[in-house]
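The same chain A turns up in both complexes below, where it pairs with chain B and then with chain C.
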Partner chain A sequence: MSVTADDVRRIARLARLAEPEDRVDALVGELNGILDWIEQLNEVDVEGVQAMTTPVAFPLPMREDKVTDGGIRDKVLANAPKSDEGFFVVPKSVE
Partner chain B sequence: MSDLLKLSLADVSAKLKAKEVSASELASEAVEACKAAQPSLNAFTAFDEDKTQAMAKAADERLAKGEGGLLEGVPLAIKDLFAVEGVDTSASSNILKGFKPTYESTVTSKLWGEGAVFVAKTSMDEFAMGSSNETANTGPVVNPWKAAGGNESLTPGGSSGGSAAAVAADLCFGATGTDTGGSIRQPAAFTGTVGVKATYGRTSRWGVVAFASSLDHPGPFAKTVKDSAMMLQAMSGHDPKDSTSLPNDVPDFVAACGQSVKGLRIGVPKEYRVDGMPEEIEKAWQQGIDWLKAAGCEIVDISLPHTKYALPAYYIVAPAEASSNLARYDGMRYGNRVDGPDLNGTYENTRGAGFGHEVQRRIMIGTYVLSAGYYDAYYLRAQKVRTRILEDFTRAFDKVDAILTPSAPSAAFALGSKSDDPIAMYLNDVFTVTANLAGVPAMSVPAGLDSTGLPLGLQVITRALDEETMFKVGAALEDSAGFTQKAAKWW
Partner chain C sequence: MSADTYTLPGATGDWEVVMGLEIHAQVVSQAKLFSGAATAFGAAPNTQVSLVDAAMPGMLPVINSHVVEQAVKTGLGLNAQINKWSRFDRKNYFYPDLPQGYQISQFQFPIVGEGEIECERDDGSRFTVRIERLHLEQDAGKSIHDLDPNSTYVDLNRSGVALMEIVSKPDIRSPDEASAYVSKLRTILRYLGTCGGDMEKGQLRADVNVSVCKPGAYEKFRETGDFSHLGTRCEIKNVNSLRFIRQAIEYEAQRQIDIIEEGGTIDQETRLFDANTGVTRSMRSKEEAHDYRYFPDPDLLPLELQQDWIDQIRVNLPELPDAKRERFVSEMGLSDYDASVLAADKDRAAYFEEVAEGRDAKLASNWVNNELYGRLNKEGLTITDCPVSAAQMSGLVGLIEDKTISGKIAKDVFEILWAEGGDPAKIVEDRGLKQVTDTGAIEAVIDQLIADNPDQAASVKEKPKAMGWFVGQVMKAMQGKANPQAVNEILQKKLLG
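And now, the complex of A and B:
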């Protein structure tokens, strides 16, 4: 499987990354280089093998379902690029 | 500068407890040494001298009363991936430039809880994605070590390059790192320091900027094996704020250092003899085998047949998790925003401007392997290969107590020599990445110098939760190697 310039533009859009047009060709080469190298995984027999989703091999405890933090509005807003009157200010998203 | 900074963490800790030196004095010396080295090594991203002095003063007060924790008064450097309250934490990325956390990571809280003193934040590959520290937004860190007779700038390794350089150059007594594919152990090997990654879940990820959550392991850099055990002791333990944090009791890692290794079975995996590996790495490995044999270990040939598939599997799993984790950087709640024509345009401009090339490349790979039509072929297959790699270790640990391998396939290389070839760079992690995929503990211990005078490291891997055997074997290797060499000071 290999990616084309159109694929790169589509992936960039999915990833919400503005890729300048003059980067697209370079990215096609880089991504295909990595994907070709990854192809060797097809040599591994994975028939009937369970997918590993976590390396934790031990039972983990559930925590109590209760609020343990809060009332820190100013802290939450402290690093916001734009805020006003205790709110995040974001671009309009609904017409 | 006095010679105090050359001491080990354990030795300086004894001097602090005996009141032969004050924490305030020591902290000032460390900050001064870091600042003096900064123009040459470029290892640091932030200082906060008021914080440093306040912490040192509090440590002195506790020490005066005969109190104090395991690391009381000891100056430590912190990788820029850990949130330190009120101190710039940017993961060496422009997208987080100027971010000041209003909270403290669990691991750093635990270190401060044992009395350690903050000295500086250290540079790293952007979002921990790299093996040479060259993707940092503040430029590469320079390795304190240089090849004999040469003046070329070498990489300290990555991603935790600043922490490795700071410890190697005696600018502090230890530092934190994170290891997702080898980002503690490879830089430790390149700088003649000790680097440890414990069992997955032993150290909390809370407050550590996420790269690939199922692979990220916070851990220490130190000058000696015992120092690294002291630091890991302080960093470990259950954290309800990290759902993958292990509830198990933390054993006495420090006590394990120096215990006899007689009778331990040490596995030597044939698959770690890779094509094109320098003969000197092979020699260092053989030396390590001979040392452990002489110390009474039984050497056992083993096979980890899926080793060569670990890196390609990693380069699906890690970017997939990263593309998901880094979706949070949208310029809305924190980080820098670059406006666009509409909301999506703002997201795209923000992320296009804020992330460097390597990070964008990995986000794109991750997005692709998770996208409709490719998920089964790439992501699901990689997770199954990950199971195969874990099975390799499980079978091996039926026969052996620990596994000995080289830490990296080469000594430190020149800055710029691999930055145009992503795959050549990725291959740096060929020996380390397996332990991340399996979640088992592993450490790198300095083994000696190669013929050009650069440090080489040996890696010890043990069963999940058995860090004690890892420290035993690590300390035995350290004892036999007698590695006391330091980089000649040029900074």
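And now, the complex of A and C:
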């Protein structure tokens, strides 16, 4: 598996990362290096082995349906670059 | 399918429509899916947000066990397979009201698998819609675009609220069927108490996948399971009322037919329905976002359920609308139509059952479906705001049944109950509304009437229908309290001999 320059541009855009054009070739090399390295895993025979989601053999911890949180509007908004009347305010984002 | 498949005429012949629906149903719960913040509707902005919902670094989601139970309950209500092993995945996209930058959802391994429900068309005929899956996911926050000309305002109160996404198979073939499916699903969810179903409050939101095909193609698809027999589909987002669902489908199907007949092709895309114009338009920003790069959420372990826990939920399921309708028909002797109308709404059914307890079920059903609902609709009220309680209504029906009052007087008593309340038996007693069954009293009135109107009396022999005038006069003279059956019998005897 390998990526092309177009793949890198697309992934950057999807991740909202502004990668300068002159960095793209270098990134293609780096990413393909990582992919090659991971590719080694293909050498292991996994025939008949079920895919594992987690190595933790532990049941999913659960919570009761009780309101125990919230009511901290000022904390929630504290790091927002802009807020007004209790709302986050962001650049216009409507179609 | 019904005998008449819904078709739209085109220049190249008839077209058929195929639809699958994705319903987002907000789970009834106190707290959110992965945090302890409240879910109540209408709170001040950002007051029901925990640091988990705001996606602050280092916060970890912990699942709400009640929400899991609600999803399983819903799955059982949809006659669906419950998956004892399911998993949460991250669906990655950027939007201002999605602070995490991903939605926690279930992609590959949903909690509920295939099921089916039976729905009813406008004409009363029934059809089956197969369910593909139900999965749990987080809702996003709310963006408000009209508070400021240059900015969008974001409220995260809804962020992290639990949703069930219920996906149907492409079994829906007309706008009527789409609306019938949503309405049946809503009824089931409300019976189960797992979703409030209020579309105006956004508790139930529909995305409709629409495609068109030529007659015969759909049957080939059903035989083979091969989607290539069907047309390319477009997804219409967030159509938020039953009426809009019908409108959006009609518009979108015609749009696709026009494109194909002009030699064009349909692009698979997401479209938005504009309720003001009745038109769908492309949502360009969504196209790229379709690359969601799902992967298992490393913050959450797989969700594993025990069979005895599932069985426990199954045992405690309430009676569902189909079973209730069948019982109303088979045990209470109601018509299929009356039973359907009553069972279609949980609160109406409960009210009816209380009225019918120990009473004639048909009479109770007539009073609830006709008099009571006629009045509620006229006043724009729902059964939960009804000023006449089921106990009062039951008392009224009892008085008709034991012939204490006539149906006509009962309407007057109903008006008094509606406006003033009170005990129906006491109202009848206090206001002297009891039906007169004393034939002597009725006879006296009739004798007087015949004596006063000899010509009219004679004419009844030629035109038996003219007797209606006498019935009216007797009722008038006795303030409607005469037993109509007795009046008729005595009139027959005296006028026709």
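Everything below uses one rule, namely that the second predicted complex is superposed on the first by the 92 of 95 C-alpha atoms of A that agree within 3 Å, B and C clash if a C-alpha of one lies under 4 Å from a C-alpha of the other, contacts with A are read in each partner's own complex, and residues count from 1 in each chain.
Definition applied: a residue touches a chain if its C-beta (ideal position, glycine included) is under 8 Å from a C-beta of that chain, and two chains touch if they have at least 3 such contacts.
Please read these numbers as outputs of a predicted model, since none were measured by experiment.
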{"item": "Larger contact residue set on chain A - chain B or chain C", "value": "B"}
{"item": "First, second, both or neither for A:92, with chain B first and chain C second", "value": "both"}
{"item": "Partner chain(s) touched by A:31 [first = chain B, second = chain C, both, neither]", "value": "first"}
{"item": "Interface residues of chain A shared between complexes with chain B and chain C", "value": "13-14, 16, 53-54, 56, 58, 60-61, 63, 72, 75-76, 82, 88, 90-93"}
{"item": "Complex contact set, residues of chain A against chain C", "value": "10, 13-14, 16, 53-54, 56, 58-73, 75-77, 82, 84-95"}
{"item": "In the complex with chain A, residue positions of chain B that touch it", "value": "99-103, 200-201, 214-215, 240, 243-248, 306, 308-309, 312-313, 315-316, 323, 327, 330-337, 339-340, 342-349, 351-353, 355, 360-361, 363-368, 371, 374, 377-378, 380-388, 390, 422-423, 437-439, 464-465"}
{"item": "Of chain A, residues touching chain B in the complex", "value": "1, 3, 7-8, 11-20, 27, 30-31, 33-35, 37-38, 40-44, 46, 49-58, 60-61, 63, 72, 75-76, 78-82, 88, 90-93"}
{"item": "Touching residues on chain C, where the partner in the complex is chain A", "value": "29-31, 35-38, 44-52, 54, 62-68, 87, 92, 94-96, 143-145, 147-148, 150-156, 272, 283-285, 288, 291, 293, 296, 298, 300-304"}
